[in-house]
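Chain lettering (A, B, C and D) follows the sequence in which the chains are written, and residue indices restart at 1 in each chain.
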């Protein structure tokens, strides 16, 4: 039983959406997604709704209370996953394959501009006994620890980060949603934040909402003549505490990707995948995730990128959207931002320099201080 | 149409009081006494620091704490220059992940050094007045 | 709703359950509580951690444990490292929703043996008082500025129910007496009160009329876990698997001040979804034992009527007649419920699923109901008078 | 306390804290500036002017107070704004003897849900414009005897200069004595 994406809608992708509350952003994104799904009526044609959100992002103690109405789910089967948008796609995939559901709506929203003490909120995710007493002034320092471990183990230099940032900003210019894409900006002109990371290595935040409609093969064609099939989706948590995880290499991304490839029967990703959208909320992460997703042998992503393999028009374009460095990080929506862009490219709606766009891999990480990744394989 | 665009609010209580569990409490008491320890899994023999009450790998119960030589190795580090909001810190700080020989995990902590190096040997500099927290170690210094 | 005859190629069973003690303050960290419950469930199923391929975690507001992204924090304790681990969250209804999500982990064919763990540690939120965290459950703009106490909303629902059905406080107090006495048969119980009487309830401190102290379940630290397995695995693990016959859940509109609180329509819809899947058309007769959610005593009656186990306004009468006692015709909350065993929010719902698992297997010891049990039901409730989750299990 | 499963449930209970714990002050660490958006933004501005605003859906006729820009039942944009009266009837009410921190109040306060009048529109019990608020002018006995149910109440507004554009610009809904 295949599972197809039949509708995608997004709203926002602005540093601060001033005129719409997060509920209203959810409504706008849902309206567009249902329109994209051939005018689907959520009140009668949807079996379940999955919302991806976290309490501390919203400042509300049970934030799932606010999920039903804006997506048309009042008095219906709605639930919240406190996780990444792609994990919600994973839930919808399981629900549809179980045979109990035919149409499942996935929603995620993030409004970082509403959070005034973002560093302290993110820091509350650290272990209360082993790390919290330190009181870090900048949680990005934890990512910097991973950056140095990776860079020193695989001989990655600052110029390679420069190349990633440069590629992201140039590719982002063609992405109407990429508010932070500024081709003129050079990484070395930005100050050091937590060495070796400079300001340009760290993606900024953005308010956004994305809704995706998934349907079983049985009914997909009712809503969309060319569904984009989700042939594999998997996620993995490496550890709860950073002290025990692999600082130099994201095993969670490797485990998530392998799970998705197995479901999609992909034996050699480097040959069978046409393009990829991966998490680059820190520049070095794009290189790490390319290698974790088996799109390049370990430690070589920097060289293949320098040869242009992963640039638009290259052998296997990575982040045609510019990724988080260009679009910004919308909290848990990030995975759906990558997925919605990939769907746009595969449907030919997004003009992109890629010759074949039939098989894509989409990846997202949940950011500092987590060790959780999600990967999905899409086919058209 | 006039609107009040923002509504300030908080999601705060006064304070959380975190307990550390039976093994964690002993670990904190050891810190208060100026000693570093690690928890040992009886089944697979791994030593865990920070301590665990159960082995994440085989789910066995962990009860025993073992003394650990207060000599660590900087496995990775960063020199933090700006806070999250972009303001330069009053003084640069070196944050590191410090591993201890034959111990799984390690400590994320500050190192007082002007010349941080991967693989640098360090030892903890204990505060005079200790309360049973990881901050009883003020920072690590190079050996 | 696709209402076709629902026989699935993948039947799913519960093969093991585990619980920690439920107490107001436990020394264990949230991870350790999750581990204690998960380890007991694995031991009962005769499995080890390496047999588990997927993990589903349930935990209610992060503001209680004081840990953001609590799912990531709990992953280690729930046995989820290097595995797909996900946390689902529908407020208080999370406890029964965890096995529902675990059901499609298995029914989709993607996982064979799933560990479903629910944990809550409320005692971290110590200053000024655990109850203070409940102020962040309200709408931040329209309700929170009134400086509300969460008991307001329960008291309003209880009073509306009393008004609509003509129910007396004495009838409602009977539920608290039944459950807090039943709890004495539960090894994890926090509030076993063997000699509690209706009079005690009616004389207890008035908090928000009509809610008094002994009308409520206590705040607790605790964790619960169950192990789910595919049909093939379940038959290999145990000769008494308990099948998940029906699942259902519904969330009503957020705006509870726009609707009548006297009858939980969302619980009826959730039950209808689960009954259709389980092939149940007369719940009053076909359900042998039920564990409806009882954070407050009136809620047991309220939910019995939502679940169709009693007609509207009939639940107090059945309770008065002793029908809902352990030796009655329709035993309700033989475990002692949240009122007696304790209310570590998410883990409370999963404690009820574990109770039905043990009742169907005849392993509830002193709590075992008199009548033979083939089919049982567990239900949880949550959010702003809004979420109903139902699971039907049986032989 | 015995018999049957769970066998030997575990956990270490403690009364007082006489061992190392980490007290983590939270004040100032979780601050938000909620974007009210179109619906609640206007609602709050209306309160400042002493008005209770709502939206309505022409397709199903429902009125939304507190307002929202979408109809939860038809899943479409609402068709416009209207002003509900600042009076109505009590749907349910209770008497609170404790504050948000569980401390005892010197004087109990009545709180309830008020169904607001909206001229030219009728509602059943299943969906109506309504808000939660304090109720004043009701005795403990009014509440305990349930006489308060269905009582007519009218908003008691703070003086305009005291209003800040919040639900607390209404002090309470006062029982209208005939």
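Throughout what follows, a contact is a pair of C-beta atoms (placed from the backbone, for glycine too) under 8 Å apart; a residue touches a chain by one contact, two chains touch by 3 or more.
Remember, predicted model here, so these are calculated numbers, not experimental data.
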- What are the chains that chain B and chain D both touch? A, C
- Message: What's the farthest chain from chain D if centres are computed as the mean of the Cα atoms?
- Response: B
- Query: So which has more C-beta pairs touching, C-D or A-B?
  - Reply: C-D
- Message: Please tell me the distance, in whole Å, between the geometric centres of chain C and chain D computed from their C-alpha atoms.
- Response: 26
- Cα-centroid distance, chain A relative to chain C, in whole angstrom: 33
- Message: What's the distance between the Cα centroids of chain B and chain C, rounded to whole Å?
- Response: 37
- Message: Using the touch definition from the top, which residues of chain B touch two or more other chains?
- Response: 5, 7, 9-11, 13-22, 24-25, 28, 56, 133
- Residues of chain D that touch at least two other chains are 12, 14, 22-24, 26, 28-36, 38, 40, 44, 68, 72, 166
- For chain C, residue numbers touching 2 or more other chains are 27-29, 63, 66, 76-77, 81, 124, 127-128, 132-133, 136, 140-141, 253, 255
- Message: Per the contact definition, I'd like the list of chain C residues that touch chain D in the complex.
- Response: 17-21, 23, 25-28, 33, 36, 40, 44, 66, 127-129, 131-132, 135, 139-143, 145-149, 151-152, 155-157, 159-160, 162-163, 184-189, 192, 206-211, 221-222, 253, 255, 257-262, 354, 358, 363-368
- Item | Residues of chain C touching chain B in the complex | 27-29, 32, 35, 38-39, 42, 48-50, 63, 66, 76-77, 79, 81, 123-128, 132-133, 136, 140-141, 144
- Note on the structure: In their shared complex, chain D is touched by residues of chain B numbered 1-22, 25, 28-29, 31-32, 131-133
- Item | Residue ranges of chain A in contact with chain B within the complex | 18-19, 55-56, 59-61, 118-119, 127-134, 136-142, 144-149, 152, 191-197, 199, 239-244, 247-248
- chain D residues within the chain B interface of the complex: 12, 14, 17, 19-36, 38, 40-42, 44-45, 48, 81, 165-166
